[in-house]
Every structure is written in C-alpha cells, then in structure tokens.
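Below you will find the structure I want to go over with you.
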C-alpha cells in the first residue's frame, strides 16, 4: 500500500499514519520530500484496508499495489481452475469451450424439451432456463419457480444435458441444489453478499455474471466472496456493461475483459451474447468474438417460439437459426481448440 | 404502447403483432405508411410488456407512453406521500427537511452515543448506523450485526432519535424490525427483488437508495416493488451514480434527479452527500445543493474519531465540524421552509 | 511521479527505468521490496510524462503526484482569478455571481433585442447567442454566422450588456473578436487544441465548457492549454456530462465539480443548467444548486418564442418565465453574496 | 417522426403542433386518445428536426423513425462502399481486411523506416504515423509536424505502403494532402464540424475515429457531415469508448458496434486495438475479435523501441512481437476471407 500525503501534510499527520500502520504490523519505508511525502507500507493484513487510511488527516490518496482479490488471483494460483462435472464435462484451462443454451424463462415442458433436444444435437453440454426471474418491474413475468426447476431436471435427465438456473436469494439454495447442476448468480445480484456467501458454502458450481456497472476488480472481488466461503467452482460470465449508448444494443460487451481476467485470474470465464447485446442478429458475431479472445464457453438464449416468449424474445434465437449458428460456432471452436493444443504441445 | 415496425415489415408481420395485441385486450390504431408502419396500442394490461412485443419479427422498436411505475407515479396519486413517525416526525410534502446522522458502522456504544448526542443537539431527527455492512471485499469489516442494532436502539432511546440501519437480506427482517425504526436498502441491493418484496410486506418505513447504475426509471420501479407489496412508506435517497470520472469524487451526485423525481412521483426523496461524493469537504455544499432543489432530508456520516473509523472515515465528518455544518444547514432549511410555506399559503 | 513495478520485474528492468529518469534530471528514491518495487521520482520535467515511463518493460503503473495542470492550479496561484471587463463587470473571487442569458441561436434582431432587454431588466450582465452552431447532424440549422454577430453587437450596444458567442474554429478568431466580448468554446471542442491555442494567443476572455466526457482533470488541462498560450482570462463552465441515463435529462450536471474545481484551481466557474439538463423546468432548481455550491455565474437560454426557436426550444425559457426565475435567482444571489462577504470580513 | 403529447396536453396545444408540421410539408395522422395523443408526421424535410418540435408546449417526446443519417445509411445505399487506392488496394465489401501499422508519433526516419519495412514484410498495406498530435496536456509531446509528414512520404515511397496521418485542423488540409494518402480524424475531433466539412470537400480517403463518448448514431452523423460535403471515401474506426472502468484497459472496445454499423451503414469500418485497450498484450486478441465480427481492417501501433517512444509506448508492439502477431492475424484473415467468399459464391 502506498500512501501519498497532501503537499501541506504536517510532520504530525505523517507520523500518525506511520504509527497506525506500524501498530498494525506493517513495515514502513517513507520518503519525506519537500513537495510530497510518500509512505510505502509493506504488509498484507486484512484489518487495514485503504479506506481506513484515507480517513486520516493529510492523506491525499491511498494506492493499493497488490490486487485486493487473493484467492481469485493468478499470482497465488498460476494454474487455470477447471470446473469438472460428474459426467466428465470440464470448463476452463485447455478444455474445449462449452455451450449452454435454453430459454430465458422455462414456460412449459413441451417447449423446453424441444430446445433441449436441439441443444443436445447441436453439441451443447448445458441446458439453461429461468425459474426465478429478477424483473425490473413488478408487473413483468417473475418465473414459474419450483415447477420450472422440475421441468429443467426432467429435460436434463432426458437429454443428458447438465442444467443451469438462476438463484435469486440465499433462502432458495436447498431447493435449487435439489434440482439443478449449476447455480447462476445474475448481474443484479453480483453484490448480494448474503447470496455470494450462501453459494460459497455450498459446493455446486456457480456461474457469476458481471454486474451492469461492476468494474473488473469488483467482479473478481465478488468471486472472491464465493471462493473465500469455500467454493472453488466459480465460472465468471461477461454479459455486457452499461454505457451511454443503448440505442442499438442493450449493453456494451466488454470483450477485452476476457483476456484481462485470464491474465489476472485463474478462473474460467464464459460469454453471454444474448444479454450482452439484446439483439438476435448479434449473438453469432459476439459469440465468435468471445471465443477468439479465449472464452471458456458461450451461453445462448434459445426459444422454440420467440414471438410468444414470456420474456426476452428479442434476444432469443429460434431453434432453426440456433442450429445454424451452432454449426459455425462448433467449427470455430474446433479450430481454436486445435491451435491451442498444438501450441501447448509445442511449448510443453 | 407504440410499436414501430421495420421499414420492410410485411403485412403478415404487422398483422401478427396486431392480432396478438387485440387478443390481449388492447385497442389498436395503426398507420400503415409507405415507409414505416406505426401501431398505437391502447391498454394497460400487465401481461403484455414491451419486451414481449419486441420479440416479434418485423418489430423495430417498442415505445412505452405511460411510465411503467404506477403506484409510485404522481399521475395516479398527485399528493405528496408523507411518511409519519410515532413521535410526530414527518418526511415529505411541505414538511421541513429532516436530518439523519451517524457513523458508517456502529463500532462501540461510547462512540455512538457521542455522535447521537451531537446529532440531537444539532437538530437531527434520525440516528443512522451500520450493523450489517455490504463490503466489496470479503476482507473488509462486515459490521457487528445484532450487537450494533442493540447499541443503536439504546442510543435512540436515550436521545429520542429515530434509528435507521441497513438491511442486507430478506431473512434479517424480523431481527431488524425488532430494533430499528427505518430500514435502509443499500445501493447494491436496489434490484434485490426478494428483499424489496420482504420490506414491502412489512410496514416499517424504508429508505431506498439509488443503485450505482440505476436509471431514474429503474429506481422508481424498484420503489414500485415495495409499494406493490403493500408498504407505502418509501423514502428515496439519491447517493450518487457511477461515471467515467472518479479521480476527485467517488460518484457523481445527480442533483437534478430530485426535481425530476418530484415531478414524476409523489414519494419523498433525501440526499446522502457522504456516499455521493466520498469527500468530507463536499458534504456541506452538496447537502445545500440537495436542499435548494427540494430534497426532503439529508443523511450525513459522522464519526467521533474518523481516523480510527473501521470504514469510510474519509467521508465522515468529525463531531465539531458536523455541528458547524449543521448550524448552516439548519439556517438554509429554515429559509427554504419559510419560502415554501409562504408560497403554498399564497397559492392556497 | 511514483512508478510501481510488476511483481516479477527484474533488476535490469528496474535499473533501466531509474537510469532513464536520472538521465532526464529526476532525483530517485526507491524501495526494492521482496514483493514489489516502488520508484519515487522527484522532479518536474515536462519532457518525461507518465505515458513515456509506462512503456518500459516491467512497469505496472505510473502514478502522478502533482496534478498535471500547473498554471490552472491553486497550488501555484492561491488567489482566485478575477476576469474583469471594461465596463467594470467582474467574474470570480468574492464578486457577486453574474448572469448570462440569450437564445441558443441568434435568429433575427427583433427577437434578440426583446431577450436582451429582458436580460438587462432582470439584472444580467451578459447577452449570449449562437452565430456558429456545432450541430450533430448536417441537416440541422448551423447558425447565421457574421450576420448574427452583428445583431449581437448591436443588441449589446443598445442594452449595455457584454456579449458572448461560440467560436468553432481557430480561423474565425479575428471575425469573432471584432464583434464579441467573450469567446465561448463549446463542449465538443474542449479538446480542439488548435482552437485552444488560438484563443490562448488572443486576450479576450474565454468561457470554456466541459466536454461531455471530460474528466475534471482533462477539463483543467484544456484550460491549461489556453493559459499556457498566454491568456489568463479563462472562465470554466459546467454544463452536464454524459451518463447511462438520458430518459429524463439530456445530461447529468456534475454539481460537485464546482467545489472540487474551486479547491484545485483558482479559475472562475459558471453553470449552464439549460444544456446541463435539456429541460425548461429544471433550469431554476439547477441554477440554484450551482449558486449555493459556489458558482461564479449562471448561463440561461432564453427565447422570445421557444416554440418557433430554430434550435433547443425545449431547454429555453420564454421571456415571462425567465423574468420570474431571475427574480428568485437574484434574491438567492444577494443572500449568498452577503454571507460570503460577512464571512470574508470576519476572517479578514 | 412520432410526437407523443403529455397526458394533459390541450386541444390547442395539439393543434399548434399539427399546424406547424403541416405548414412545413408534413402529412399528419394522429390518434387523440383519452390518455395520450400520438401524432405521426410523415415527411422528410430537413428544416424540421425533432429538437424544434420538442420546444412546443404539451409535447412529451419526439421519436424519430428513420435514422437521421441518410447518405451513410444502408437503406439508401444497400451496397457496401469500397474505398479504392491508386495502387489497387481496396477497403470494404468482400475485400480482404487490410492492415495499418506504425508509430504513434513519427520521431526520426531511421526508426520509421524500420517499422515500415516490418509492416511491408508482414503484409500491411498502410503505414500510419503521427505528425500533429492532439495531447491532453500542453506539456506532452505535440509531434514534429511537416518534418514528420516528409518522413512518412519518403518511407511510403520506399516501401510501397500507403500513408495515414492525423489532421487536427481544417487549415492544415493542403499541407496534409501534399504528403499523405489517407487523412485520419481523431476521436477528440469527431465533432469538430469545420474539420469534417474541410475533409468532406477534399476527396482524399478519410479514417474517422469514434469519439470517446460518441453514440453509434452520432458517429454515423459525423460521417454524414463528410459525405454531405462531397467525399464518399469514409472509413470508420472503432477505437474504444469511455466507461466507468479504466483500471485494466484505457477504454472499452465496443466490438458489437462493428456488426451494428455493418447493418445500418454501407461504410467500411476498421478497429484500433492499441488505442482501444491501451495495453500491448490485448492488441492481438482484440484485433482477432474485430476481424471475426467483420471489421474491414486493423490499425496497430508499432514502435522500433517502445521504451523510448515519445508517446504511447505502452500500447505499441515492438517489431519482433508485431511480426509474430501479424503471422497469426494474416492466417485468421485468410480463413475469414475464404469463408466469406465461399458464402458469397454460394449465395450468388
């Protein structure tokens, strides 16, 4: 931690900061300059965060040097985290990117199984569908709850697909775990710390979506809450951030966040071009963009009848178009996977 | 609802949209132009949201005409909501703006009661303090929980101040209600719908903070979730939004949101310049800015010893400075209140 | 300047940075730690900017300590800059806030003189009007150019008001200076460096508007370009920044930027609530918000017939409403001015 | 244009809007509802922009139906624009994506020719380099001006590469055109309308960079200014937009803007991952992301000695790394080009 003092900070102010830091176990080196004084505090104590130091009089700025996420950091764990499922599917590292598909909301079994079968045939490993829906307006459809979870489980069993669904509240954790293989935490809940702690204590794999205004650092700190509570099976998901322009796309997909996160963290990360853009015609190109920069998977909304979808029809692919898109995404995935493994083989 | 079709939308596509809307009880007027077709759907059904229509082929854009919040809307309820407490304190309408003060986190009773007494002497009506703290990092101080609630209650009883504290999870509601007069929902939980529903079912007054990237519409829709679940005692709080510049202030306070919300909603709204700026020296000017544009109250962080605060010391006022600031804010408040009431009297 | 090296930076990498800085006249102090190395480079050379150092291998981050604006900085010039006009009007310091009013575009003399007379009667010191209009679309009205400048000059002469108009290109400077008392640089040109240099070389007072996505630091650096080229008469103008929400207001006015800039710079700053919000009903409250936090003036769009304005009618006040608003703003200004001077007198 | 009236708009207010629109040649259809009135104004007059109508009393909102850019619109010109150079190089349509490389600033001929030769060998078609540099601070290096242009021309002649350099002011146009093949307009000048008009009147191809806070619509309207003034040879460039997070990347590259712009406009678009991210290690992945979603080219900063670059060393590739990156980008480009042409052949 580096503490930059105000130009006019007094000797007493400087000394108070130093005394406090020393008392908390930090080693101190400092340069008292004519114009500015810089204190370099070396230590790794969890009790003294930058916020505490910035409250001292005379402190201009506190600069962290080590990223505040630790368990999520590649510095501490250089090897990629690989999330593995009982049926052998793996996410992360040098494994081939995975595909997840399904409707925004589970509405009825007939529609769901049609989508599930198309997903299976197209090479997906996961069926995703909403049972509990976070909705901006109380007048929007809120999901069918447990009934939807049962449909998902049944469709998963029938097709051999693993199932993914969003958990909205810590109190739902037992219910969700009974039916579902992967818990998803939505963008709006990325800083619902009680929920993060609850999924941290359970061992189910978790897909954690980036919040609409999460910085990359905050996103990794949200993952840290899960890791810190004991669950290493965290899969991150880039799904677009809020910008000043929403005329043509609902959000802006921060594609660069994928290689950035790969550099700073060992956790796998997937992309969700349906929510990331809100537009059907952008799903294929943005899935490709995610894959070429290193995403470990893609999540796509598919509906058997988008015009009658109870939510998010606009960003869902109809089944025929989905199959078509998947054929090209599978090709690209094969090619990327082949090159990555050649490269690994050469390096090895 | 106005539906603008793509320039190349076919007759069949237009008809499908119209049939669907009619089947859902809408009255339809439409202009089929050479270049564009515009469908004006008149109705107020909760089952057909814009998102459903935008999934139809050939639809370019769906434009809502009535704001989607209803119970929160001034159209439906022209009179200001006034939240009234058992001790006679009132927030909203033509009542004099209120003041809330206290530490970010409650740390010990001695410190708390010092702040509470200063708040009381300075004319505040509310003591606020954190018991459960949402923290970006799991390594930051998370609050003292129930112990802190007990201290708050005790300090409230001793001084006659009403107490405010943040609720982080729906499961804490009984605990919170036992000790606290006003529940606060923090910026990160503004779309934690389970929590909104829980405080909606309880009747305690609620301070709902605007999310870091909430639009004004989303903010009022979050309030709508509470109102819809039965609790009319909602107090909004502007506390800064996230922008591209955080070098000098943590957030950007959207001061204009106060008169905007006063125009479109009947709910009271207060300002929180401590979180809104993150800087001690900006608390007074930004409190004044909020008051002159019509805020119904101000929430200020005060700590008896900011340099040793376990959180947010930088944006807390020390007690002496707080008293000084309050003397000027009280003056301004008197003046505003006097003018408002003269004005009302004249109009009446 | 503090240089934080990557955790794995080699001794050679560290040494290369140090050698380069020493060769450029910096005094170096550094801490080579086990985990991180921090180099504190003391000096104030203009040839070595942070950007140059960040290109070195092994450098993680370069942190400036002194703000990069110098002439604009209060550190170097603690006294408020006061811009003074030949007729005795003064902007900045302890002078009473000024008012500027006029149409977005000058359209005809009859309309202009009506507005000018209303401005004069209401206590304004400046008449502003557009002659050259920066327009997002080439199909929008681009202004009447020199003809409009002549009208402005004539209306200024007739009423005794000083005139303000926007300069769009360095090549227009002689033309503008012939007719106009204050040059305005619009938000879109805040980083048109040729234009900044041109107005810097001329001595006319300049109103510099903050760009839609200017950080406060960039805004002050834009002013620095003018000061550095020799013109000390710079008046800053907060006119709203771009945010994720433009449903109810065109921009978000960053009211806190006023006290922030007052702390870090000696330059006067005014507010423009017309452009800052885009809404007529928000002009009065946001002008008040600017004034109570210390703005040195307010700029308001007024049109004699907003419904027939060729541009920005929605954010213009009609004359009658303007007079009404001004009566209240004048009252507030008197009060603020009185308190400020009492305060100064007491301190003095 | 659709005009939505306020719920309480009077008959007179509605009539005034209608009369005005009719007088300006619009055909009117309107629905006067109990709750809301919607006016559908059909016409395409350039004199009546939405801004004019929104100034009328009783108007809630004006909604454009046709995009305001016309010459840039794919509706009016369905075929891709192809910019062609005298040496046969083509940008846009089904042509193979092009590559542009070079230093941020031209510093000396020796360094420049090294980069130019590497660019040529790696399959680039363009050499880019800065002669006039827009710099946030007046203390940063501002470029070598005409001397740099001469070096560029010489290096272009020697290698057979076309040359690109940034024009900062309309008055430099003759000078620039004497030496350079493609004029670049930088992000900060995207709404410098005098400059847009000047390059519009000249016939040189122009690379127009998206502004830091340009919406896609504003970006295309900036291009419209050039097209409208007579120059059809506009090449757009996505180079990142400003977001709330700049800790790991300088800007956020809006990769989705490429397929969006391809849908709504016929103009070619390239990507600049150097400025888009500000990080050397992100250049390759983000170039790939741009190419897979359909970009017509990539612009990369390369320096022969990044540690001694006078500007932007951090985002420049050293020559050896550049060659390596280019070998992989060329492979990807071949593959994309092959698939695109197979597809075209099949469709044809």
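As written, the chains take the letters A, B, C and D, and residue 1 is the first residue of each chain.
As a working rule, a contact is a pair of C-beta atoms (placed from the backbone, for glycine too) under 8 Å apart; a residue touches a chain by one contact, two chains touch by 3 or more.
If you're wondering where the values come from, they're calculated on a predicted model, not measured in any experiment.
Colleague: Could you tell me which chains are in contact with subunit A and with subunit B alike?
Modeller: Shared contacts of subunit A and subunit B: C, D.
Colleague: Pick the pair with more C-beta contacts: B-D or C-D?
Modeller: Pair with the higher count of C-beta contacts: C-D.
Colleague: Distance from the CA centroid of subunit A to that of subunit D, rounded to the nearest Å?
Modeller: From the centre of subunit A to the centre of subunit D is 31 Å.
Colleague: Centroid of subunit B to centroid of subunit D, CA atoms only: how many Å?
Modeller: So the centre of subunit B lies 40 Å away from the centre of subunit D.
Colleague: Go ahead and note the Å separation of the Cα centroids belonging to subunit C and subunit D.
Modeller: 28
Colleague: Counting only residues that touch at least two other chains, what does the list for subunit B look like?
Modeller: Those would be 213, 242-244.
Colleague: Within the complex, which stretch of subunit B touches subunit A?
Modeller: 16, 20, 46-47, 49, 51-52, 54-57, 59, 68-70, 134-141, 168-171, 188-189, 191-194, 212-213, 218, 221, 224-225, 228-229, 242, 306-307, 309-314, 316
Colleague: If we count contacts the way the header does, which residues on subunit A are in touch with subunit C in the complex?
Modeller: On the subunit A side, the touching residues are 2, 4, 7, 29, 31, 33, 35-36, 38, 40, 42, 63, 65-66, 75, 213, 242-244, 246.
Colleague: Which of the residues in subunit A end up touching subunit D in this complex?
Modeller: Interface residues on the subunit A side: 213, 215-217, 241, 243-245, 247-249, 252-260, 263-264, 276-277, 281-282, 285-286, 288-289, 292-294, 332, 335.
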